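The structure's right below; bear with me while I get my questions together.
As written, the chain order gives the labels A, B, C and D, with residue 1 at the start of each chain.
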């Protein structure tokens, strides 16, 4: 039997969650399609995986473009010697920023939805199309505290993320009985990654050890979700650093 | 003092909730902008209101077009003799339909979002822009059970409605302290209106009296929300017929 | 037709919510059983109601004692000239206090449950026993933000209040189709009443007008819930002052 | 370094979840206190663990009795050669049964709370007292779908379970920052255990493979929660068999 195949959509810098998911899935024995917009970043992720003796390849794509998503799944489903079928998909695309509601342009509101929800639909639909007929597989969506609560200045983010959550929930209810495990992970708190280290280094410093979410720790729970036996599947789990106020 | 002004976006047939909201707000003393896509339908709603001696005017518009929404608010904010300022806005647009997830086109998923969430953003943003500086007013959003739960075949609907709910929640948290009351009404169950009577007459019959949601009864709660004193505002309320299984 | 009868359990000082509910229900035309532990306080509430020409009587009782609750309902159900049947019950008993979790005695945890949940069961069960067979009536439970979230230092309160909420929800699902309207009101924020004015006068002062929940404003929503037609019943509504951070 | 110590409260038949938790924790390297009311049953669980070369001991106790709970923790905290300190506690006591609300005795409502919530408080408080000062450890509570929703005939169960959930949430918010991981597992669906096999054998048969929750699969997620690094702790996770309708 060959290596099972995984897709991670929304991979950026090596320090980010997307890259950590790729590394964990590769370490778990998968050949990973590392999908993201920046060739430079995702190729670096692939190199790091390869350097450990694990297996991955880069897929430059824009998850808000239907053709790109379909093409990615076509690639991942193509039979290859030594490879087993696709059985794990993670949707990790998204961005976040506090904005002035009254000054926000309609285009900006839409952009948040495109990456936060619509791209998730495209990926979720392709995953359902390809995996449900096989009666197995896992689809994991990255959520946020905004998936559950709308805070001032975050309407554009929460509206997209809550939509993604409902997508995941609807898919879970429909495809779970067919053997496809769909789960939603609520990431609550700052991630100790590229973005925060660059934009708010003093905050990262101030939080101290375990004061921010660790990407490898998060990835461990994604992996656990993929490994859950069918007789006890989780649909939603929240993750936060132990010092987080919530 | 003149009549305060109200806007109801998403008005269709006379038997529907939009029309009932218009009638209730007019009966409560407002001059109502009856906004919807079909001139024939909304003019009929205006005529019925006028026949009772209340005040309303038709506004043909598409809530998914930014210009239309801005123009509608411009009209409603224009000072006129005998009229007071705008102080009540209801967003009632939306549609629902069970669909096959794997067969759904990307355009269809987007269309549900345009009417179910994006139009609500355009209306909510204009309302915030116009009313928050005045330190008063009410904005009411029509939700559904799909705002809270994603069922099989309803991913497109739930994703849009959950987004609308987060929009309302974010607005409430931001603009409540400034004096703008933003609330979300979860309509759970079939509405005894045009749509169901035409598409599923036997179901309407079978449910019997009070087995379906009454639009005038719903409108009464919208009116109550508008009338709540600032010292006890509701942000969310659910409504269902007493026989509804939930 | 005579006056319909109402019961309000958990009435204390005149400035409190219990007293406001009594006044509102009496003003709405009910004869109100003003039920509480302190004869002095509830008799004062009765006198105020009588002075306005409305109708009420005191019922000294402890809602955590089954005999007291049964006896109260026996009284309220007894046919009397000029009185119609019982059709409105509000459960408003409860207390709140931040406590050190590790130092809390088992007795203290139980006491919070007795008043916050068990008393609600006794009242809810009697209401269901008496009203469900008649196929009409309203039962309203006073909740709190603790009904939905457990904060540090409030485990004893949240555990009781969340239990009360589930009681209300179970009753609504079971007895709604039989004609009994059961609703739960989530009171979020400080009440501008006796307790806060005495214990934290500077806070009451600092919040300013409408910065705290007004008991009469809250009572208006309880009354609205009682008046809702069967074709659009609310099961849960949250109330907070417009300046509340939530 | 010796074996770390675990306590599982609410252990019954070998086929049940309590026993599975004991086996999993023992397999993970813990010495497990197998705590329950029936000496015969828990001794059987201990024997099975010992037969595999793992370590456990029986603790006959009633979790609704404060003395019993305190004594259990005293035992588990007593330094012994070859044993490390207590660092894992699971509260798995509880029962469930549909009941006629109007016929339910006050004692019955209280009994459900004693085992479903009060016992959890006693265990949670002892765990917090002993573990928070050490700045580490895990406390896991077994929830149910009734923790989140009150269905007809289950008011007594949902009121207790929702209370337990709030207890867990309050503890998590208070003790998480101190290093104690508190999580709540929502078990949704029938457990393929002793109870269902005896009471509804045809239902167990009809569901087929993976149609019911597997206790070993559930135990795997409890173990995962215990193993989560501090930088990504879950507070709540739901588990159900893949065919479950939810």
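Going forward, a residue touches a chain if its C-beta (ideal position, glycine included) is under 8 Å from a C-beta of that chain, and two chains touch if they have at least 3 such contacts.
In this text, all values refer to a predicted model and were calculated from it rather than measured experimentally.
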Listed by label, which chains are in contact with chain A and with chain D? none
Which one of A-B, B-C or C-D makes the same contacts as A-D, at least in over half of the residue pairs? B-C
Could you tell me the distance, in whole angstrom, between the mean C-alpha positions of chain C and chain D? 34
Using mean C-alpha positions as chain centres, tell me how far chain B is from chain D in Å, no decimals. 46
Distance between chain B and chain C based on Cα centroids, please, to the nearest Å. 31
Among the residues of chain B, which ones contact at least 2 other chains? 173
Touch graph of the chains shown: is it line, ring, star, complete or other? ring
Per the touch criterion, the pairs are A-B, A-D, B-C, C-D
Using the touch rule from the top, collect the residues of chain B that touch chain C in their complex. 173, 176-177, 179, 181, 192, 210, 212-214, 216-218, 220-221, 224, 228-246
Where on chain C is chain D touching in the complex? 66, 101-102, 104, 106, 109-110, 113, 117-118, 121-122, 124-125, 128-129, 132, 146, 149-155, 158-171, 173-174
